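Each of the next two complexes has chain A plus one more chain, namely chain B in the first and chain C in the second.
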Partner chain A sequence: MKRIKCVLWLGIIISILISNLIIISASELTAEEIIKKRDDNEYFDLVRIEAEMTIVNGGRKIIKTMIALSDKKNSLVEFTNPQDRGTKFLKREDDLWMFFPDAEEIIKISGHMLNQGMMGSDFSYQDIMESDKLTDLYDFKIVGEEEIDGRVCYVLEGIAREGVKVSYYRRLSWIDQERFIGLKEELYAPSGKLLKVTTAIEIREFEGRWIPIESVMENKLRGNTYTGFKIIQIEFNPKIPEGTFSLQNLR
Partner chain B sequence: MKKNFHISILFVIIFLLATIQIFAKIDLGGELSTSLISIIDNKGKISPYLQGSLDLELFLPPLDDTQAKFEIYLFNDPMSGGFDCLIKKLYLKYKFEKLHLTLGRQPVSWSFGSMLNPVDFTLGAMVMDEETGSKYQNAIEAYVPLNWNTSISAVAAFPEASQEVKWGLRGRTMIEGYDLTLNYVREPEMNLLGNLIPSSQRIGFTVKGDLGPIGIYGALGYYFEDNDNGDLAFLIGGDYSYFFEAGNKIYFQVEYLSMKKNKLSSVLGSFFTGNLDNDLDERVGLILGMINYKIDEFSQVNLMTISSINDGSIIVMPGYRNQLSNNLNLDLGTAIFLGKENTLFGSNLSDEVQLKPQGMISVGLTYSF
Partner chain C sequence: MFIFKLGLKNLTRQKRRNILIIFVIAFAFFGYLMMDSLMNGMEEMSFDNIKNYDTGNIQIVNPAYWEDREDLPLENLINLNQEIIEIIQETEGVLGVSPELRFKANLNNGIDETAVIGLGISFEQYNQVFATKNYIVEGSMFTSGELKAVIGVSLADLMDLKVDDYITLLVRTKDDTFNTIDVEISGLVRAPNPMINNGIVFVPLELAQQALNVDNGVSLLALKTIPGEEDAIIKRLKSSFQNKNFNLKPYSWKESASSVIALSAAKKGGIGTVLLVVLLIGMLGIINNVILSALERTEEIGMMKALGMRGWEIVFVFMIEATGIGILGGLAGCLLGYIGVSWLVKYGFSIGYISGGDASGYGIPILDRIYGIWNYPSFTFLFILGIIIAVLSSILPSYWAAKKDPVKAIYHR
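Up next, the complex of A and B:
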């Protein structure tokens, strides 16, 4: 009996030690490591997405559908809804090109347009077509820990790296401690003004990666308006022909 | 000849469709538009007429490296009271490894982001961001991509007003973030409504890029004429976006065009038939401006102006657009012609016949499907 008690106590002590070790190792993650884990989930070497964008203002809403291809540096978006069918955008680093399907002409879009709402939405061209890793664009630090919908999150603050072109100077990210996915993000101007808030609505696991398949972007500068972004289909590392991210492929 | 050309292309497309069983993937789309247009003459008399159009496009899935396109534009002609049609696209495109070949009725547009383009393949094909029917050509285009942003294309077009071939050559590349094009066009002798227009040649260069937060662009064109009496035309412009604290945005675009008066009607296109009957060798300077203010996600107002710095005449065009639902747009447009009689854009009367109105108002709905 005494022997059983001893084993039981030993078991409890070992369990406590192991769980403490886990907590210590989790809390010892640096901001860089947390963002890297998030990037591992949400950043793709090559991905093809079919998505739906719902623009809502008051009681009115319009829906736009698209197919997007993205690799490490470039992205290509083609709209498929009736009003914009055939309109394509190609982003290569900081250059944006637009294909007008009626005239079948390719026009280079001025750089200042990158920060504007894509096709009238609250997502800018940069938001949708950004393909850089967050760790390449921002310096992050842990600023707290909060719970969102019952899930414990790291709260990280990212400040844009010097010399890097980004849409938002500062971002606060709530990252799920278990799944390493962004559940909420606040995006700020250099003046400190809150510009936009992104919230993940639905998260699913694909091939061992957690992906926010439905999210909402609220423009905090304007009331009563938001844009929903829903991934209908996602394919990792699809086979794409050489020259996909080129001007000749827009034609 | 032209009719046979269309029929041949149509047969090839039908043959392809019949043999490759892709009917299930074919989609039909387009735009149905109706608008009430009111013309205001010098005496303030308003003459309204109704305009309707249907743009129909067949979306055919590509078969390996081959694409086929068909688009037709049906519209009512207020003059005759009947309906007319324009075949916009009826072509086959084959993408070889190092050459894309397009054969048939196709748009040939060399726009580079300006409101006027003095070095387009067809002058006046795109005016103030609005397309005209003249860019659709019966043509063969060979496009050779050299790398992701560099290409050379050659076009042989068969204009309806000529028995000869119109040639075009265009090179495009990007250097230090600037989009650069160089082009050459040889126009054949044309017979337009009984007027013989001699053959001509022109060479053009365009550039577009960014200078800090401002988008900048320019074009330089040389129109060859007999007796070394050629004309050098140039255009410079820029665009800029300003964001308000409340998140709204205002977009500005301004450009300046300088060229001889005799080529101006071609560049301005049929929308702006200015008074061009005197001093054709005179050099004209035009300033174009556009301001666009996005009210919310669905609606915007804009103001376009085009003015002659030679005589001070001006066209002012305020507009409003509202996306009423997923597929339905409401457009309001106005054009006011200001200037003394016989100035470039002033309203004009000749023998009591209205040659140019004082203004125009249009209200229209467009449904996309």
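Up next, the complex of A and C:
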């Protein structure tokens, strides 16, 4: 009888341990691992995107269309809507150039110009310049769990690493626990002021990856303004001709 | 003496024509004097506005900062300490020192935003150097530690802001991170230098330093000095900095205002051209007058020559007449100039038709009116030059008249 009791207790202890282990392994993803999983979804090595940008400012609504080619370090964006047709942006590593067909001139965007909204949108040039992986720039920690549109999310707080140059000192990210996709992100200044909020509107699966097809960025310093970004078509690992990311190709 | 009297008498013979030429010369002189007064006034006002509202008499900066100063970098700043301030204050001729932190910012009113220059100042020290406080038209300046700002009236109009409104300045810290400075507008300024009114936001120095994460850094130290002694003070400061091994260099306001000075040099070229036109008008008037007089008096010249008058005496008669016209034209011109310049000095010339009275778009830091200044040497110079030109331009046509054969001259009809 004693022996049976011992075996029973042992069984109970083992089953408790095993079940705890299962729970721990599921919930004990570190903040860095969560961000990495998100990065795996949202960052592309080689991609071609056709997209639409909707800029809403007060009662005004402007739609701009574009084609973007991107590899790990470089990007080329060409606007295709009639008003901006031929306007191109080239990002090469840490430099950004712009080409206006009317002026037929290549302009390097630097210094204070990087703070301005790209083509009048709420995305600053600096926003599109940041291509480093977030885990290299921020120290993340999990600060909570919240639901967004019925989906349970990790809430992660990232604080800029000492000595690293980043545009936003603090960011709060809501990451879908199941699909590891950012559903919402808030960007803060060191003063504590909320600067921008990005919200994913529509998420779709492409070739096994979850991608935010439509998102909205709000500049919280300005009222009545937001910029929507919608991916119309996406192609992974397209053939990008040599010299695509060159200044000569910008003209 | 007879020749002299004859020359003077001739001056009164063709009254209408001579008066007309005198008036032409007078108006040409008047135009020149007005332009000279206005241009010099503009130069003086521009320089004063730069010194009194922008640069001070001398700016002390890190030499590496000076190269990139137009970009308002947050690198190569001066690490401000009491020792630096004391050394500068104790330098002979220095009347005030104002530390400034200049930075780029986007001013945000909650709806729109615009690019501005932020100026972190310590108000008490700023007042020792600059006269901006005299032009606060609404509200007041902030004091140290307050979360307040002063902006120009033009900027306030543009962004639809008034005193007690809150604004946000979006800035980039030394590490390129976006940060904000949230302040309440404590005052509106309308300084004579439009650049102050159009795009500058004054905030307390400590607040700017904290937001930009530059510790005790300042972009420059602006100095007020005894006027005209800048070069001597710069020498003294250089020697002090060298002794203390400070990596600092003083620069005269002229080096900060090189574009305005270049404009001033171009202005001198413009005045020279006007002077040339004025002299040409005088010269043509005199030549024309002498030729007409000689043609009218051909018989008279022949008669005088027949009576034994020598060629140089006839030339002299015409020269006296021309000189008289030159003197009268010059006097009338100077008198008109005196009246005109008095008006310009007192009431100024309105530039309201230029972008609402703001000439800064043309590189001239002047608002509303340009006041003339008295330039007495110009009056003397123009008067004497006018007479010399009158005399010189009368020689050739007089010589032509004097060369006439007396017989042919008498019977020239």
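FYI, the second predicted complex is superposed on the first by the 223 of 251 C-alpha atoms of A that agree within 3 Å, B and C clash if a C-alpha of one lies under 4 Å from a C-alpha of the other, contacts with A are read in each partner's own complex, and residues count from 1 in each chain.
Quick note on the criterion: a residue touches a chain if its C-beta (ideal position, glycine included) is under 8 Å from a C-beta of that chain, and two chains touch if they have at least 3 such contacts.
Quick caveat: nothing in here was measured; it's all calculated off a predicted structure.
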Just from the overlay, do chain B and chain C fit on chain A, or is there a clash? clash
When the two structures are overlaid on chain A, which partner does A:K165 contact: first (chain B), second (chain C), both, or neither? second
Of the two partner chains, chain B (first) and chain C (second), which one does A:I55 touch, if any: first, second, both, or neither? first
Where does A:R204 make contact in the superposed view: on chain B (first), on chain C (second), on both, or on neither? neither
First (chain B), second (chain C), both or neither: which does A:L221 touch? both
After superposition on the shared chain, which partner residues are touched by A:Q83: those of chain B (first), chain C (second), both, or neither? first
One more residue to check, A:P190. First (chain B), second (chain C), both or neither? second
Could you tell me if A:G111 is touching chain B, chain C, both of them or neither one (first, second, both, neither)? both
Partner, of chain C and chain B, that touches more residues belonging to chain A: B
For A:R251, is the partner it touches chain B (first), chain C (second), both, or none of the two (neither)? first
Using the touch definition from the top, say if A:R92 reaches chain B (first), chain C (second), both or neither. first
Clash check vs chain B: of 3-11, 57-65, 111-119 or 309-317 in chain C, the offending stretch is 111-119
Going through chain A, the residues touched by chain B and also by chain C turn out to be 111-112, 115-116, 193, 195, 221-222
Chain B touches which residues of chain A in the complex? 55, 57, 60, 62-63, 81-83, 85, 92, 94-95, 102-105, 107-113, 115-117, 120-122, 193, 195, 219, 221-222, 225, 243, 245-248, 251
Contacts from chain B onto chain A in the complex sit at residues 29, 59, 88, 100, 106-107, 109-113, 126, 131, 135, 143, 145, 147-149, 151, 172, 174, 177, 179, 208-210, 213-215, 239-241, 243, 245-249, 294, 296-298, 323, 325-327, 329, 368-369
Counting only contacts in the complex, chain C reaches chain A at residues 71-72, 104, 106, 108, 110-113, 115, 168, 170, 172-173, 175-182, 211, 213
Could you list, by residue number, the parts of chain A that touch chain C in their complex? 58, 111-112, 115-116, 126, 160, 163-169, 189-191, 193, 195, 221-224
